[in-house]
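In what comes next, chain A is part of two complexes: it sits with chain B in the first one and with chain C in the second one.
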Partner chain A sequence: MGEITLPKNRITTLYPLTKCAFSLLIVLVAITTFNIYGKLAILAAINLLAALSGVWQLFNQRLFKSVGILIVLITLLQTFFYPGHDVLFALGRFTATREGLTFALKLGLNLANIGGAIIWLFTVTTEKDFVLALEKQGMSAKASYVVLSTLQMVPVLKKQSQLIMKAQSARGVETEGNVFVRAKAFVPTLIPLVLSSIQGTEERALTLEARGFSLDRPKTYYYDIHPEPRDKMLVTATGILAVAYVIGKVVYWLWV
Partner chain B sequence: MVMGLIDLKNVTYTYPLADEPSIKDFTYSFEQGKFYAILGANESGKTTLCNIIRGFIPDFFQGELTGEVLFNQEPLSHYTLSELAPYMGYVFQNPFNQITGARDNVFEEIAYGLENLGVAKGDIEKQVKDIMEMTNIMSLADKNPFELSGGQQQRVAFASILALSPDIFIIDEPTSQLDPQESERIFDIIHQLKNAGKTIILVEHKIELISEYADEVLVLEEGRLICSGKKHDVLSDISLKERQIDLPETTLLADALRKAGYNIPEKLITKEEMKAALMAHIKGVSQ
Partner chain C sequence: MTQTNSQMKKTKNTETFSMMVILLIPIAIAINVVGAQLTSLLKLPVDLDMIGVILVGALAGPIPAALAGLLTNLVNGVLDPTWLPYIPVAMCIGIAAGLLAKYNMMNTFWKICVSGLVIAIVATVTATPVTVFAFGGITGGASSVFITGLMASGKKIVESVLSVYIFTETIGKLISVLVAYLIIRVIPTRTVTKYKYGMNYISKN
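Our next item is the complex of A and B:
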């Protein structure tokens, strides 16, 4: 969690829920735009937003790592297999059609836009802030604990399993090679890890009680964040925009 | 019977699916402001006893509990586990599992209990800083608690409970992963707590430190309290050696000297006491 320090600027320092509202608006527009140029414009807009937030490079790295490969795969498959007549070119028995390419691009752009909106949100917002904002909005302390502790535990468990793997290979257990070889080494690694983490969960539940987790009184937030007047304004503006957009869209449909 | 701060009367407890009770007919009265050390071989029920005193048994661990557990003369079951947090601090045996995971740096990890109690922000800041200085972990403030060594986690866990400033401390092997110097520091803090009127119930194997700091010693064997009382009475009892209980070096030395025919006073347990006795002896011989 948070190895990369966020640049501090007017966008990244917005309240998490404000940024979340932006992100939701983008998703709303993305899923209701069917025109390929419209979709491209949205992708450009997200990129502009990322650039203004000072995270353009990081944002694109993350976008590529998460949906990029999927998009490439879909484009290839759909270009060749989507039924169509307008043949662009042929590769042996397979023919690429214009209909296929268009369909593939639309699907890929949808993925990039929806994924991009979410990835932008979590590139400019730490999970810690996001969960804290949700908790202050009324999400249960239990739910926010589960999210935060899971985010922290995953790298720990990963490290532990790597350590065990190393120990296994030092003892002569084959840990490298094809999927089956690795699975054979991995399963005995995982069993003690899972067992000890189950037992750890029990004790951790008690640890929380020992720290007064379930006390029924108002908590203090030592690390705290507050929405500022500009956040209220921006959320309201985003809300109005969203409503106007939906009305506009409906009116347009009815007319055309 | 004198009523103490925590009273256990004929307490027997069996874990779910276990054939045999892990605590058997345990009766004891823990008084305010005293430092109790619990000794016993592996699996003798020390942790189980702590869990009963803190109410984790039967609240969290099912199984069968009979007898009475009173806190301030009131059944412990009248309190929820979290309600007891400001009164009874509990430091667990395994340091890794006492890192809550709720916070991503040591400072906030230690502050976490105070946040739950709703303590004002300024007070949290001051209290946590004081505690970190006391436990010598100031340099870890910004580190992720999960990325610390076992010994560092152990100190963070102890500090997290110290921060709550409870009246009673139940501490299960707090120095198992610490070097002698750090162990000494922990005992020093426990000693300060006692001087501040806190009640301490400590499970610990480092017998020399116990002989120096504790008031009373309880010895468990297979879930049964086989011996208890003032530390000088219990720790000088050489018969415990046959029952696989570690005794202070002084006790062993005194026993050996007595067997060799020397006239050594009874109930010596610390090195200082032994030194004084030997000096007196030498003086007596040379006169």
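Our next item is the complex of A and C:
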């Protein structure tokens, strides 16, 4: 959630909902493709999209951090433990089966594709723009306040919790040792953190009310974004593509 | 909303989404994230990433808690999409916690234990299908080691996931409810009473 500067190009400057439409189309195609090569093609397409948006490296870093390790784990474990008969090779008393490997690869590629579509969306779109676009579509201002203040609060509290943990261990709260010793450190770290943030809420409520937050009036914005004509065109095109894809898929299934 | 404005002013703290609740939800989500971070920092073998959701449920009822659950998984899902399939789980935990609070089931030790068990059952029943269908049983979390162990011993995926979750969720949710209660007990009384079910947690004498 750290601040990153996006490269400005044709894709990153699109309206957030346009990019969201792209991402949804990818998810749609990803969950309806069952062939391994098809799944690989989708992954390649997402990578191409990320490269065209100029965020290929960042995209892959994030993809690896979130689902990459999990995929490696799944592949290793499922290959050996998924029930199957077609033995590929044996390692000690464990046998790797073809069924397991296929299952693991399909599952892994699904995770990479669906996860990738979402990660791409939030790599080329700031959460702020995304929430603002949703608010303009009719989401309540309260909801967007909650989302945005959460995004601000999480990194701050994460940092603070590490600080508190150090402070508490300086006071003699043990953060190392056996499970029970470590578990006992949990409460003295969490509670000061929560207390300090909850105590601030009353003041924050007053601050927000002073700015007319709960008035039933149209809001004005310091920061604003607008869809351009090309966004409308692209969303329509994506929509048509999605409908055509679904019809094509259904027809294909009925025929074959 | 405008017609009932005058009524709402009188009953500000019984309103489902009062200002205090709106400001509590981001904190709750941050508590969830920090809870998850602390469990990994302290290398604890249980998942304590729903304390905030339970806290909102205990203070403000089922609907805000479900929203807190939804947003927790959405916010985490932006960077790690593996959170997204668990959205219904988080929402159900929130609804369960909120309903338990509504019937005043969170303010003595034995009630907390019952609540913890109920929430653990809800979490197990909702999380098992997600883990099985979306991840084939392995999510990379602390419980994966045990699940794989059971799968290796020849048990079916559903069976393995269910039997491990029953165990880890019971411990995890019992601790979570207890921690949420401890948090409520140390929040100043004047703040606690501003939430819908806050009166349940203050001693009357």
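We adopt the following convention: the second predicted complex is superposed on the first by the 244 of 256 C-alpha atoms of A that agree within 3 Å, B and C clash if a C-alpha of one lies under 4 Å from a C-alpha of the other, contacts with A are read in each partner's own complex, and residues count from 1 in each chain.
Everything below uses one rule, namely that a contact is a pair of C-beta atoms (placed from the backbone, for glycine too) under 8 Å apart; a residue touches a chain by one contact, two chains touch by 3 or more.
Being a predicted model, the structure only gives us computed values, none of them experimental.
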item: Which superposed partner A:A170 touches (first chain B, second chain C, both, neither); value: neither
item: Residue contacts with chain A in the superposition, chain B compared against chain C; value: C
item: Touched partner set for A:Y145, first chain B, second chain C, both or neither; value: both
item: Which of chain B and chain C A:K128 touches, first, second, both or neither; value: first
item: Chain B versus chain C as contact partner of A:T207, first or second or both or neither; value: first
item: Partner chain(s) touched by A:L254 [first = chain B, second = chain C, both, neither]; value: neither
item: First, second, both or neither for A:R217, with chain B first and chain C second; value: first
item: Touching both chain C and chain B, counted on chain A across the two superposed complexes; value: 1, 145, 149, 153, 156, 199, 202, 204-205, 208-209, 213-214
item: Complex contact set, residues of chain A against chain B; value: 1-2, 128, 145, 148-149, 152-153, 155-156, 199-200, 202-215, 217-224
item: List of chain A residues in touch with chain C within their complex; value: 1, 62, 65-67, 69-70, 73-74, 77-78, 80-82, 94, 103-104, 107, 111, 114-115, 118-119, 122, 127, 142, 145-147, 149-151, 153-154, 156-158, 161-162, 165, 175, 179, 182-183, 185-187, 189-191, 193-195, 197-199, 201-202, 204-205, 208-209, 213-214, 216
item: For the chain C and chain A complex, residues of the former touching the latter; value: 1-2, 17, 19-20, 22-27, 29-31, 33-35, 37-39, 41-45, 48, 51, 67, 71, 74-75, 77-82, 84, 135-136, 138-140, 144, 148, 151-152, 175, 179, 182-183, 186-188, 191, 194
item: Chain A-touching residues of chain B, taken from the complex the two chains share; value: 54, 56, 60, 80-83, 85-86, 89-90, 92, 94, 96-104, 108, 111-121, 124-125, 144, 146, 160-161, 164
